[in-house]
């Protein structure tokens, strides 16, 4: 009985040591992951804004800025789809066979993943009793199958992001889109009040120039376009 | 929708504003000529001529009015030139000024209607297109500078030169830097003059907010270790920061209405400037900070206008119910 | 009204009543980039050289032709969300095909496929080109296959022209080269950045608009410049503008694409719209005017009250049945029943809300020279059901027409 007690104590002490080591290691790696996720998010929103520094999703940003009331749904859709697509694509890329594919075929695979996710989401929207289903189905295509959502997994791959970084990058893509759209919308409202704009610039030309100048302002962060 | 940005109501007011700006800028040009010789004057003249030419030709073509007489183009051309190195090729001044007038000013309606400060946008464009030449400063010809590198470069590398013995030199502008933005005393005198002049007084609130934000952030998070006051002094005197705060930021086309709004706008611009100095890749990001502040202002203005709705939705609903019952 | 016409010309295909324009002319007046602001990303990102612009143009042309033809033949029968997936899938197919073709060609000729490699990193993004999806949704769905191909050719020509032009300017100014060969020493770095592309697009759009304005002054074009106005579709601004028009005694705007206004004939609802109760939670602003266009009343409908419990509900007096007003065609202009899309999917607000001030003085109803139909609850209920039917039709139409 004494021997059993000794064995139990040894086992327990070893178990506690192992758990502490693993927990401590996890804590450190979790901190690193959180930091890297924060960096990736900061990159997406400010340092190299996906819309202004990269040009991705500019059409969607300008057209959403034109219509009040759609920003929240658009940003949420972009965040969700970017994040999920990126995570799945990153997981797929860990397979040795897929990791060695040429970039264009890898991009086609990523596109297929995005398409599959979209069809799944749209199919669920059709089948489930969602509020405002018609609105959801009407807008889901534009906000889920666009350049910004498709660019996020490709950029994550090119930038060598980890899964956590890719997840953060995807989640903050919606935030970057929202920031860009809000700025463009506020600018469009300002331009609408400005009666001195010459007729040849009033409307879309002034909006495009305004967006370009906003993009110039964001270039001050890194001084380089978002390329991959 | 109410006008929440103070626009000068008449062209005569605009002209007076530009004349004041021009007169308050001339001392900087004189100091630049004193320090850098004829090259400084040449750059300024070319910048002014380019701006005038663009204004005459494209103002007639697009705006269908004569807008040169309000002197805004002269002011913009001069300001762009003053932020450049003295020995830079004149083509840079041509390009920067042309961008400021043709892309930022005229498409949005001309004098004091642009949503962005034209001179800031022109310099930002040159910074992005030619980062090395724009920040390669010539050594002055009249005297030996305090240090062979510009203050902005020293801040990036974390070196401090701010000692009591060099404060006067720095304030007089005896540092390597842009053509006309180094003489801090001249800029401070211009700021004092603007405070005295009633039409310009309110705009100085934004300058105050900007300077306070820069000073506060540099004290709390100095880029130069060991000497917080020195870091603050270097940040304020480096590059075109003070020049932009005094001349560019209080642009009446982009300044919000209301004293508190002006101050907060300056605070925001100062915060953005320090953020860009930390995270940005260029030596001097002040103009980018001004552009970001210009872009963010309409958004904040809209949020402020609708604050009653989102800050107190219950009160709004109760008001609605009481109106309905009445 | 000029804007209404511009919208009609933009949104609906040409009929036999309107002159048939050459498809190259349509490439300008209906340019996807400069008029509809669609497909900006590939231009801002990929069209930084002539080769890049050419590649973008070719691939987008292939996508447009294929997608519009398939939409006209097959895809229009599918629901909107499935069509969007179809466009993306076709885009991916075109991209992969282009890459495979380029690789095969380079192997066959023994040259390196430089253009694809240069733009290759941005090539996959062309699959999600919004210009293709918007064009198919707004045009190809309503056109027969031949017309759809013609429209695709026009869109491809317009898009390609802008892509190549912008690529040329950006390569010349930004890289100082032409088709990869050094041309000048001047290199304005910012031009090939995304902001440079946006600024160039803005300048081109301004030039195009100036051309339209000049042609409109000469009477050779209508509505093209107005189509480039591209203003915020602010529900509150539109509502306030219509209220102002009503207060001034003018008929509100008849643009069917604007606002959440529901315009009704005389006698369709009582003087006080607050008495009109809607069973569906939609914010509807109701307006009516008489046959002469004189406004009668306007305001928000209120939600139907919840049915009271049977034990507590007092017996309701049945109002006397009134004859339904005869529908007479108004001789003057003015929409009889114009359905508009409820833009704001929010719960119904009370009649008088902060954002929706009622006009203080409603216009007086027309003098009773003719027998005014007495509006009763039954009348109102019948008209509500008709409204509901029209709303359902509108929603179905919008579901098939995501904009």
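All chains are identified by letter, namely A, B and C, in their written order; residue positions are counted from 1 within each chain.
Following the convention adopted for this analysis, a residue touches a chain if its C-beta (ideal position, glycine included) is under 8 Å from a C-beta of that chain, and two chains touch if they have at least 3 such contacts.
Source: prediction; values computed, not measured.
Chemist: If you connect every pair of chains that touch, what shape comes out? Choose line, ring, star, complete or other.
Modeler: Per interface graph, the chains form a complete graph.
Chemist: Looking only at C-beta pair counts, which chain-chain interface has the most contacts?
Modeler: A-C
Chemist: Of all chains present, which has the mean Cα position farthest from that of subunit B?
Modeler: Farthest chain from subunit B, going by C-alpha centroids: C.
Chemist: Just the number, please: Cα centre separation of subunit A and subunit C in whole Å.
Modeler: Centre separation, subunit A to subunit C: 27 Å.
Chemist: Measuring from the mean C-alpha position of subunit B to the mean C-alpha position of subunit C, what distance in angstrom results?
Modeler: Result: the chain centres lie 40 Å from each other.
Chemist: Taking each chain's centre as the mean of its CA atoms, how far is subunit A from subunit B in angstrom?
Modeler: 34
Chemist: Among the residues of subunit A, which ones contact at least 2 other chains?
Modeler: Only 185, 189, 200-201, 205-206, 209, 213, 216, 219 qualify.
Chemist: Among the residues of subunit B, which are close enough to touch at least two other chains?
Modeler: In subunit B, the residues touching two or more other chains are 103, 107, 125, 128.
Chemist: Provide the list of subunit C residues touching at least two other chains, using ranges where the numbers run on.
Modeler: 190, 193, 199, 202, 206 - these are the residues of subunit C that touch more than one other chain.
Chemist: Across the complex, what residues on subunit A touch subunit B?
Modeler: Against subunit B, the touching part of subunit A is residues 46-47, 182-183, 185-187, 189-191, 193-198, 200-201, 205-206, 209-210, 213-214, 216-224.
Chemist: Under the definition above, what is the set of subunit B residues touching subunit A in their complex?
Modeler: Its residues touching subunit A are 1, 3, 62-64, 103-104, 106-110, 113, 115-116, 121, 124-125, 127-128, 131, 276, 279-282, 285, 287-289, 291-292, 294-296, 298-299, 301-302.
Chemist: Which part of subunit C faces subunit A closely enough to touch in the complex?
Modeler: My answer: residues 34-35, 37-42, 44-45, 79-85, 87-89, 92, 95-96, 99, 120-121, 123-125, 127-131, 133, 190, 192-199, 201-203, 205-207, 209-210, 213, 225, 228-235, 343-345, 395-396, 398-399, 402.
Chemist: State the interface residues of subunit A toward subunit C in the complex, per the touch definition above.
Modeler: 52-60, 62-63, 65-69, 103-105, 107-108, 110-112, 114-115, 118-119, 122, 125-126, 132, 134-135, 137-142, 145-147, 149-151, 154, 158, 185, 188-189, 192, 199-209, 211-213, 215-216, 219, 225-228
Chemist: Going by the contact rule set out above, which residues of subunit C touch subunit B in the complex?
Modeler: Going by the criterion above, the answer is residues 188-191, 193, 199, 202, 206, 349-354.
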